[in-house]
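You will see chain A twice below: alongside chain B first, and alongside chain C after that.
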Partner chain A sequence: MTAVAPAVSAPIAAPAHAETILSVRDLRTQFFTRDGVVRAVDGVSFDLKRGETLCIVGESGCGKSVTALSILGLIPAGAGRIVGGSVRFEGTELTTLSEAEMRRIRGNRISMIFQEPMTSLNPVFTVGQQIAESVSIHQGLNRRQAWDRAIEMLSLVKIADPKRRAGEYPHQLSGGMRQRVMIAIALACNPQVLIADEPTTALDVTIQAQILNLMLELKDRLGTAIILITHDLGVVAETAQRVIVMYAGRKAEEAAVDELFRHPIHPYTRGLMASIPRRSAAGRRSQVRGRLQEITGIVPSLREEIPGCAFAPRCGFAVDRCTREQPPFEAHRPAHFAACWEAARVVGTPR
Partner chain B sequence: MSAPEMVLKVQDLKKHFPVHKGLLSRVVGHVFAVDGVSFEIRRGETLCLVGESGCGKSTVAKTVMRLQEPTAGTVELNGADITKLDQEELRAHRRQMQIVFQDPYSSLNPRMSAGAIVSEPLTNYGIAAGPELTQRIAQLFERVGLRADAMVKYPHEFSGGQRQRLGIARALAVNPRLIVADEPVSALDVSVQAQVLNLLIDLQEEFQLAYLFVSHDLAVVEHIGHRIAVMYLGRIVELADNADLFGTPLHPYTEALLAAAPLPEPGLKRERIILQGDVPSPMNPPSGCRFHTRCPYALPECKVTDPPLLEVAPGHHVACLRRPVGTDGAPLTRTA
Partner chain C sequence: MTAYIVRRLIATIPVMVVVALFVFFLLHLTPGDPAAVIAGDDASPAEIEGVRRKLGLDLPIWQQFGIYAWNLLQGDLGTSIFSNLPVLTLVKQRLEPTIVLALATLFVAVAFAIPMGVLAAWKARSFVDRLVMGFSVLGFAVPVFLFGYVLIYVFAIQLRWLPVQGYRPLAMGLDQTLRSIALPAFALGMTYMALIARITRASMLEVLSEDYIRTAHAKGVAQKSVLLRHALKNAAVPIVTVIGIGLALLISGVVITETVFNIPGLGRLTVDAILKRDYPIIQGLIILFAGAKVMVNLAIDLSYTFFDPRIRY
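The block that comes next holds the complex of A and B.
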């Protein structure tokens, strides 16, 4: 009943010549509440290349999920909106598209998987119907063809006995199987981009391993680019090619995965890495029950405008300038960017 | 030097929940949430219960506290069996054990001030009153890293990490010997998680507290646990010292669990066993060894014989037919 999966090999960075498929520039998304304006995403830019896996990592409230929702045009009208910046997908500006035009892209060319598979599936339709709906709308297949495609997708995501399962309702499936169905729906139209927002956070660790492996395998097979949003540095290390670290709605750091874990620059990234209890491979365990390094304090409120670096109040390296001027996001090592005035001093300090 | 005194001794603990169905709510079966669990915890020691959702780890925590009545088995707190006591008799013993819950949002009364939340157990047991009470609460607040002037605030005015500190202060108020912590850091962000774990370790050293620490997170468990019990479908399948369990895991389920957890080290090449399928229903657990349906090393007799939890090496207990007493921990040969 078990299979030995090949060790997930170290992902190689996307080839330099791979073309950019999604380009986000200076994205600003705000929510308007009774208590004031919440700057959830505050000037985020990045590129996604064809077939690449990009991880966005950060703690709750750092703006990683809102970034994803902004790309897909899913910010609930009335609560908030994109107030600036651009999102270009294959040359098309998405932020100015009408809802009807956006619907032709969403679920078809750009798909999304959410954290909680139970609430993102419709409880009154069979899982087969839900996959078929997506392909019949976007690809104009007739009922027979759409149903066949649904079964094909269920077997692609390795659900045993797909013919029978296609006729079942979400509540009849386990959490891991529901997430497989979500992946089947998301990939049914062969999207160019898949955005996965904490896809394994609600799952047990043995099931998480199954789902991550499945996503990477399908990505290689179908050439889909993935934006994986997570708070888990373990998941980042095992899946990402490139990583963006977010803090308080802004980018703190960006680099290829090996580079980031080996030479973190931003004090927040370093703090995050030092604060997680380490499980290392057997035989090379770190010291048991040493004190964990803490990041003192709490994340800032996004209701107030932060003139300087958002991390400054919690940062051991902060100088006067950090609280006054926002640091530029610039390269401090080859292809390794961070927003920190004191980067040189931070890097010179042993971890 | 003799071993520290025993604080908690649990023997053959069982908790079965009846499943009702139909108009007359007839009992159609039972969920075997906890099905024969034994362990002990000494002063100053942390025992971690680790496992996936539905393995019964939280039910063990609640049953030990008698927040749920055990179906069978005994729970000895400081040498006295508390499973047969009535509520009045239990009250005196409850003072010795306190619980910290997972969700710091729903486990604090939103209508009570922080000071009132922490003082309630003290007035309840008549430990302190008046100025002495205020002074004691101020001490507790400072001990868990909250400002004493935060006493007048309400739970919603605190962050998640601060609320968990409040929950810990409430548990500490009556000077318990045992603290049951049910996923105390799971709802917190990693940077805050470290603050709370450090606090728990400091408090243990200061007061020689015994911890029953329930978690699904192997990294947290490895960091904080002196001894670790791995649960699967209502049973402990492996119980060992921290170094033994993580260094030479013997049960195939432990091995798979360790291999499945992603490590924050990119490019680390591991041959990982990915378990296929899902955890079977605890209403209808598999015959023989409960893990045989997903085990890569299962033999035909594993379907029939339910393996007992045996001490196969000093302090290292495992329930697996392929790991007999004296086993050397060499890799097993696959059968599937």
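The block that comes next holds the complex of A and C.
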């Protein structure tokens, strides 16, 4: 395998020691419905470094899950497909791989965890069988070895009494335990990349922290890079090293996590942050008024081509140009990128 | 589980009592004097009275039922009016061809229908799907006897691959039996094939849209294994149910098929007994078919636990 340098310059300079493992360039995924073409992902680019945690954040329908499914080639054929762009994993272009070659990567080198632990496990097989299946497919282990590995994985994800639990069916486990099993399946083959699509959204708040901590702990232990997809800025703050904010199938902003929270540039990012309750009594205006800010307006339909900035109709800073021309995704601060014509004016306005 | 089976077996008792009652009164609901029917057209009144006394038909009706039920419990299904042979003996003679035909039919139906249904669901709304569904409509629409004659014409008369009709018992060798049963099994199996293929497709379509199928793909499971391992087992309960219903429908199908292909089985015995008004045989067969149906139902219910661990008795 030859390491190929990304065609387009990476948005954020990689630390010298960290090598880019996954590189997405100008990814476009569309769905073909009776009412027209839905541009679910409309030109998204990003890099993922070895061992890094990257959060993709945005509202429902902003294309974050479709981005994840596109990387793994799991867009249901017939419904939609990747129409452009590239996904390079360790130098291999994934979008042109055959189905059989792609299968050797899925669940092995790149794994995925889904939002719904209640329905994401097969109800008619024991959890042990479902973990063992992964390792027997990808590592050619025999039945005995695969089963031992399944039990090992169950104890790795901190399920008590793994020997007994391995023989149980999903309906005998709680939601939190099922998500642990999903993590065990995903990590069973020591993947380089783990994509977690809203892994804690369906769980109780008390369980959420446990699952996130477990993921981060295992990431450090196994050196897996994580793409964490979420709509929850709280989760982002706790887990991410780098954040991408998505809106209407495009990237709105990208920065390291501290930088993003301290100096949000894009009005959409600012809106997201204003819409979550804060504890600090620093005397910010939203606190004084005692109300949470909402982002007025609705998410645009992705059926029509959006010539300008997709957020313009809901944006308080929007000028004429915003609805006509798509803003470039460029650096407005060191290693901090946003797609906004009026960035300077936005940054100059106190939150 | 064992407790459940015992409970279910006990529950069959009232069912069988009702069947026995129905079967018993069947004889008395039919027009005419049973004794006169049995004695024959040219019997004298004295002869008719003799038959009546001999068969206990002069006793009060509840007493007759008591005797009938008592005999049933001892496995005595009565005696044929015309051949004077015990019904049980007649049934035993005719049992093999019918069981072989039923099993072969079921095998043919399931072996073709499930792959067809899985394929149709996988390639939903494609040409293959439409082909399978078209075949399914045809399978329902074409009557067994018509399809049977077409098969005989093509494979037995024109191509001469298989015998036209008749049945070779297992004692003559399995290959002989299979050759003789192939066409009837296909003729009879068409309807079930259509039925099972349709349900398999519907059930698979539903399962294939489940989240855990996406999980299987994300794990790198091969398409074949996603379909046959992950999806089919989840789709099995409705399919097995329909196979069970099919077994019940098979009873009427067997009557026609055995007639078309001249197979000396229970179906033919039924037709002959009805035409000759040989009541004890009809009664015995109804009881046997009802008992078989009850047992098939139980077997189907128990098979659910094999396919779905969430079902426990």
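Just so we're on the same page, the second predicted complex is superposed on the first by the 324 of 351 C-alpha atoms of A that agree within 3 Å, B and C clash if a C-alpha of one lies under 4 Å from a C-alpha of the other, contacts with A are read in each partner's own complex, and residues count from 1 in each chain.
The rule is simple: contacts are C-beta pairs under 8 Å (C-beta built on N, C-alpha and C of every residue); 3 or more make two chains touch, one makes a residue touch a chain.
As the structure is a computational prediction, the values presented were derived from the model and not from experiment.
Participant: Check the residue A:I185 against both partner chains and state whether it touches chain B (first), chain C (second), both, or neither.
Facilitator: Once the two structures are laid over each other on A, A:I185 reaches chain C alone.
Participant: Pick one for A:T92: touches chain B only (first), chain C only (second), both, or neither.
Facilitator: In the superposition, A:T92 contacts neither chain B nor chain C.
Participant: Just chain B (first), just chain C (second), both, or neither: which does A:R104 touch?
Facilitator: So A:R104 only meets chain C here.
Participant: Is A:V257 touching anything from chain B or chain C once the two structures are fitted on A? First, second, both or neither.
Facilitator: So A:V257 only meets chain B here.
Participant: For A:Y169, using the defined touch cut-off, is the partner it touches chain B, chain C, both, or neither? Pick first, second, both or neither.
Facilitator: In the superposition, A:Y169 contacts chain C only.
Participant: Quick one: chain B or chain C, who's touching more of chain A?
Facilitator: Higher number of touched chain A residues: B.
Participant: May I ask you to decide whether A:T349 touches chain B, chain C, both, or neither, giving the answer as first, second, both or neither?
Facilitator: neither
Participant: For A:T33, select first, second, both or neither according to whether it touches chain B, chain C, the two together, or no partner.
Facilitator: Once the two structures are laid over each other on A, A:T33 reaches no partner at all.
Participant: In the complex of these two chains, what residues of chain B are touching chain A?
Facilitator: Against chain A, the touching part of chain B is residues 52-53, 159, 161-162, 189-195, 197-198, 201, 216, 218-220, 222-224, 242-243, 246-249, 256-279, 293-296, 334, 336.
Participant: Okay, in this complex, where on chain A does chain C touch?
Facilitator: Of all residues in chain A, those touching chain C are 72, 74, 99, 103-108, 111-112, 114, 116, 119-126, 133-134, 137-138, 169, 171, 182, 185.
Participant: Note which residues of chain A are touching chain B in the complex, please.
Facilitator: Going by the criterion above, the answer is residues 1-5, 7-10, 59-60, 174, 176-177, 204-210, 212-213, 231-238, 240, 257-258, 261, 271-273, 275-283, 285, 288-289, 291-296, 298-299.
Participant: List the residues on chain C that touch chain A in their complex, please.
Facilitator: 210-212, 214-223, 230, 233-234, 307-310
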